[in-house]
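In what follows, structures are represented as structure tokens.
Both complexes below contain chain A, partnered by chain B and then by chain C.
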Partner chain A sequence: MSKKKIFVQGNEACIQGALYAGCRFYAGYPITPSTEVMEQMAANLPKVGGKFIQMEDEIGSIAAIVGAVAAGEKAMTGTSGPGFSLKQEIMGYAAMAEIPMVVVNVMRAGPSTGYPTGPSQADVMQAKWGSHGDSPSVVLVPSSVQELFYETIRAFNLAEKYRTPVVILFDEVIGHMREAITIPEPGEVEVIERAKPDCAPEDYKPYEVKDGKVAPLAAFGTGYRYHITGLYHAEDGFPTADQQYIHDTNMRLVNKIEDNKADICENEELFLEDAETVVFAYGVSAKSAKFAVKELRAAGIKAGLLRPKTIWPFPSDAVEKISKTAKKIIVPEMNLGQIHGEVERYAAGRCEVQGIFRVDTEPIHPKQIMNAVLGVPVEPTVIPDVVDFTARG
Partner chain B sequence: MATLKELAAKEELFTGGHRLCAGCGIPPIVRLILKSTDARIVATTATGCLEVASSIYPYSAWKVPWMHSAFENAAATISGVQTAYEVLKKQDRLPGGDKEIKFVAFGGDGGTYDIGFQALSGALERGHNFLYVCYDNGAYMNTGIQRSSASPQWGNTTTSPAGAVIPGKVQWRKDLTRIVAAHNVPYAAQASPHNWRDLHKKAEKALAINGPTFLNVVSACPLGWYTKGQDSDAHVKYAVETCYWPLYEIEEGVLKVNYKPKNKMPIADWFKMQGRFKHLFKDDEGAAKLVQIQERVDMEWQRLLDLDGMRL
Partner chain C sequence: MTTEATARTVPYKEKKPFDYDPYLRQGKLPHIWCAGCGHGIVLKSLLRAIDALGWKNDDISMVSGIGCSSRTPGYVDFNTMHTLHGRAFAFATGVKFANPKLNVIVTTGDGDALAIGGNHFIHAARRNMDMTILVYNNYIYGMTSGQGSPTMPEGAVSTTSRFGSIEPPFDTCELAKTAGATFVARGTAFHAQELEKTLYEALKHKGTSVVDILDSCPTYYGRFNKHKNVSEMMKSIEKDGTISVAQAAKLPPEKTEGKIVRGILHRAERLEYCDGYQNLLDRVQNK
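Right after this comes the complex of A and B.
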């Protein structure tokens, strides 16, 4: 089989994944370090019959993809920190109106303008709770350029399957790092297409759930006349003030994700069977974590890695499981402990949980993780000297 | 109006040492405007080249109190500063509040024409006493040359790349100066730094007016225009000589064209000096586009001449 190999930065791998998944509409706005996602879409979408629009601002960009999805396309927008903040109202809208779409956030250091050209992982909680209200969240956290390609396809698939917005969260390092990646042949990776109604237009209800499945979404202009709103709405899409229905709808929106965690959550596991210390790491920090764990294993130290590819919904089952066998879980992340708190919550005191938090825009160094595993104090910014663990047997 | 000698002797409120590119049009615009009043100045700046390159830690090129908030809200931020200042002054709660302060907001074309447009429109409508200065270099240069609604038609940018099928940005630029004037503000003008006398006069006038005023100033960008830094002054001059960027002002509703070139320079003569238009000089299709652009420039210039001296 002839496979296409290309040497690209993460931002380009992301758009290659989007194109593979059938994304044919992109609306965006310039912001570092995600601008290449938009530039690549501007150059590549017209070649496959797609459409790129640069909008007047961040809010316009996300609102435009909602419109494109309603018209029947698969659509994506990309941004970074401040732009992700501006987009939050429509993130919640898309969750409420059940608009399947993909939003990319290439994380940079915040708060505010922060440090536009430096990486961060400090938007993980915003990706979960950024919009007001209890809204469902599906957030993927790829850790390499090749994985970013596949996870972008998975993001579109999950969006279509669950009729919900999906966020791909990576950082400046993954976004700008160049790696050789393989583009699979069409058909090699599963691509889920949007479920379309098969009923007569007059019978169509855009929010009617049958057999626990989400309702098919008709495209505007195909004869199905319906109503989309961010207000609580009944099965026909029209606003409702029925309190029981409001309760049921909010529960349904959240539970369509929570009840399908087994399908949505994916983890990479390394040496977990006998690991005494487990490093729980995601995104760029997982690159260092994997290196550290392998080095420690080579030195005979029982370290393991649990790397979620999906951060929301949170892989609580996996954390619960390792908390029963490991003595300690180490959570390295480029923020002040946003996921560390979640790990503590699900470890529930069964084992020790230690964080390594770094917010100086320098990725966490493997040595910092090795030191933490070995019980050596970890400086938050300084890269410590190599630990001589050969002496420890 | 101050002479050039007097201006040169005046304290620089935007100093050297900033990291704007060699040949960037922004610094001379900011320097001249800050020298166009004897009152004290408070400035806000939208996210963009000016903000990034003038304030890299631990240095600042600004000798005036200065605030950068975000991309979309320089006009909203200056609205808050100016309003609070007026209130504190009125209530006699401001030590030294008897001295006059001028409020100036700076933004590039992305931060003004696009994402900052709502904040600008709101501030103009509320009638804050401030001057908004847009330095218009025709694209998002800070993030790497993406098109804006100020970008020229058929210009190449990274998000309107000149390809085999679509030769650059499809749309004509937004006429922001006229849109601002439509807010019925006391003063709105277009200027160019090559004509420092005209720019200085306009800045002086705008800063002396009590109410919202606006200056749209063309600014050369060697990076995004694919031109040489030493030619920047000539390029903005050509922008005016071609009537692509006419110098005019709208004062209390009356439009006045400040400069009428004796021999209008053909737009193609200016465009061919810039890399962002080089694809238009390769074939007949490009030549046809240049003819269309010339027709549109001529039409807009004639429309402006028709309005010269009229109350809008």
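Right after this comes the complex of A and C.
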């Protein structure tokens, strides 16, 4: 069989990635601009014997996938802005109960109902801090339709590997843009299957940690009877009031992600060796940033691109590194500076950090990024007619 | 189902005392429930009903929300999930739909099921996915120390209705029936053997079964509403305040007025959700 090429929008590439990764359960509630994720799952899951259910709301949807994972499935739910807000309590539950699953948020402009049909990148902080408590976050920010396919597979793999919920964050532009993508053959891309306990049922402890790794999650109905709760729980899964254990567990949950940044963080780097100005951009804004950086290079300007594919855990090492060699980092985002603040934190004053924040639901234009690199003042909502490559602001 | 277990009649009437141990988690008792709380009586009725059905622990999944009643799964040796306030039905929907072979039981409180979880409750009933929902109805929020609940009678006192509630209560059974549940019943903690029979039928029923269980909270509801002690409270609310379906049928309406009816109130045959989905899969895949 030759490789399959399909011409699809991002939302469909996402579900193709999910199916490739073995996702066979989807529960959702429609909301623009993520609705096609749900509709495509409704159309495709039954064909492969999977389960699809339209729930009564976003809370019910995420609850259902947690239940499905407990019963042994690989599961996903998808939503946008307001729905992502509703899911937050259960995001925390999944982190606490260490449920491997994938949640998609196709970002639209907020706050509130905001602007349903326009892109935004304003949920990056919510994806990290949206649920109460300090919880681990793994959040991927793909920047093209093909990449979304691969990153969805990676999301499922990371979820299984670290027994944690993983969020895929993209936006209306990536979600609705159509590109020709290649679907690899089965086996071509690694798919991590859920580990199964190899001990006897009576010895099984669902939260036992060995060599820094939490035990595999047994499927309900396979003879390993155990308890799941969102309360702090001991190794056997039952509630505990042991304060030292509570401290250790919160640290473990967060650090199982933070300590594995080298594995979880992936970046694309372009011309960083000698770049004087580095554009740090993710998702839709990185599309414009890449174009801008290439144009600038063609004009002999030493610009570079640092594009994280994983925004949480934050690629702090990469930012630290460029802050030592670059004079300036430019952070274009479709929000009011959510990641800009993080870049500043890790640049720690070693170089200048400048943001371009656009929230009028229009993607940041390459010319705006070029001007920022050239030191020309940038108006967030105004696309410059020309770029003067001789300018040095 | 093992024949031995199903051979016995319900309620349990053997000479030897019923052995609850095979169903309970060793080392997880005592439970958190107050002295005089009926939650333990309900649990015992449930376990005897499960025993009569011959279900294996491995094949049972018990899912709950948050509240005193929702602590039940922690004590039983099944595949258990203590979830979030109001969300048990949705979690349970995921469990059952993913693995229809599991016998799914939801234990929930009146606040959990009908206030914060009201929407999930009616949609679970509408879908008719095979699961048995036990609403431990104590007319108050027990876990959080006695705030008003949606099943609290008008005039009842709670910490959030100090001068008497001015809201009409929900009737769990009417709500479940209207929303589409295919088995609807009511029991009380006072009538423990009858409850066992009712739960036996509810568990056996294929589809969404809802059992409203009057299970008065002595610590908050009882004290706030001037019940002298637990037995007086149970007697006046659960015994004298209710009447069985059979008795009600024999009496003229004026004699049953104000009484809450116990027993199986509604039964209907309707395609179960997972079976319906299997039909859909067969259609799609044989195309």
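The definition used in the following text is that the second predicted complex is superposed on the first by the 388 of 393 C-alpha atoms of A that agree within 3 Å, B and C clash if a C-alpha of one lies under 4 Å from a C-alpha of the other, contacts with A are read in each partner's own complex, and residues count from 1 in each chain.
By our rule, a contact is a pair of C-beta atoms (placed from the backbone, for glycine too) under 8 Å apart; a residue touches a chain by one contact, two chains touch by 3 or more.
Quick caveat: nothing in here was measured; it's all calculated off a predicted structure.
By the touch criterion defined above, A:Phe25 lies against chain C but remains apart from chain B after alignment on the C-alpha atoms of chain A. Using the contact criterion defined above for the overlaid structures, shared-chain residue A:Arg225 touches chain C, although it does not reach chain B. Once the two complexes are laid over each other on the shared chain, residue contacts for A:Glu58 go to chain B alone; chain C is not touched.
The wider contact with chain A, measured as residues touched, comes from C rather than the other of chain B and chain C. Residue contacts after overlaying the shared chain place A:Gly114 against neither chain B nor chain C. Of the two partner chains placed around the shared chain by superposition, chain C is the only one that A:Pro239 touches, whereas chain B remains out of contact. After overlaying the two complexes on the shared chain, residue contacts for A:Met38 are found with chain B alone; chain C is out of touch. In the superposition on chain A, no contact is made by A:Gly337 with either chain B or chain C.
Of the two partner chains placed by superposition, only chain C is touched by A:Gly72; chain B is not. Shared-chain residue A:Pro82: touches chain B; no touch with chain C. Shared contact residues on chain A (touching chain B in one structure, chain C in the other): 46, 56-57. The residues of chain A lying in touch with chain C in their complex are 25, 27, 46-47, 49, 51, 53, 55-57, 59-61, 63-73, 75, 89-90, 93, 219-223, 225-231, 238-239. Residues of chain B that touch chain A in their complex: 47, 68, 70-72, 110, 114-115, 117, 140, 143-144, 146-147, 149, 158-161, 163, 165-166. Partner chain B is touched in their complex by these residues of chain A: 28-32, 35, 38-39, 42-43, 46, 52, 54, 56-58, 82, 86, 112-113. Note for the complex: chain C touches chain A at residues 25, 28, 57-59, 61, 63, 73-74, 77-84, 87, 89-99, 101-102, 119-120, 123, 277, 280-281, 284-285.
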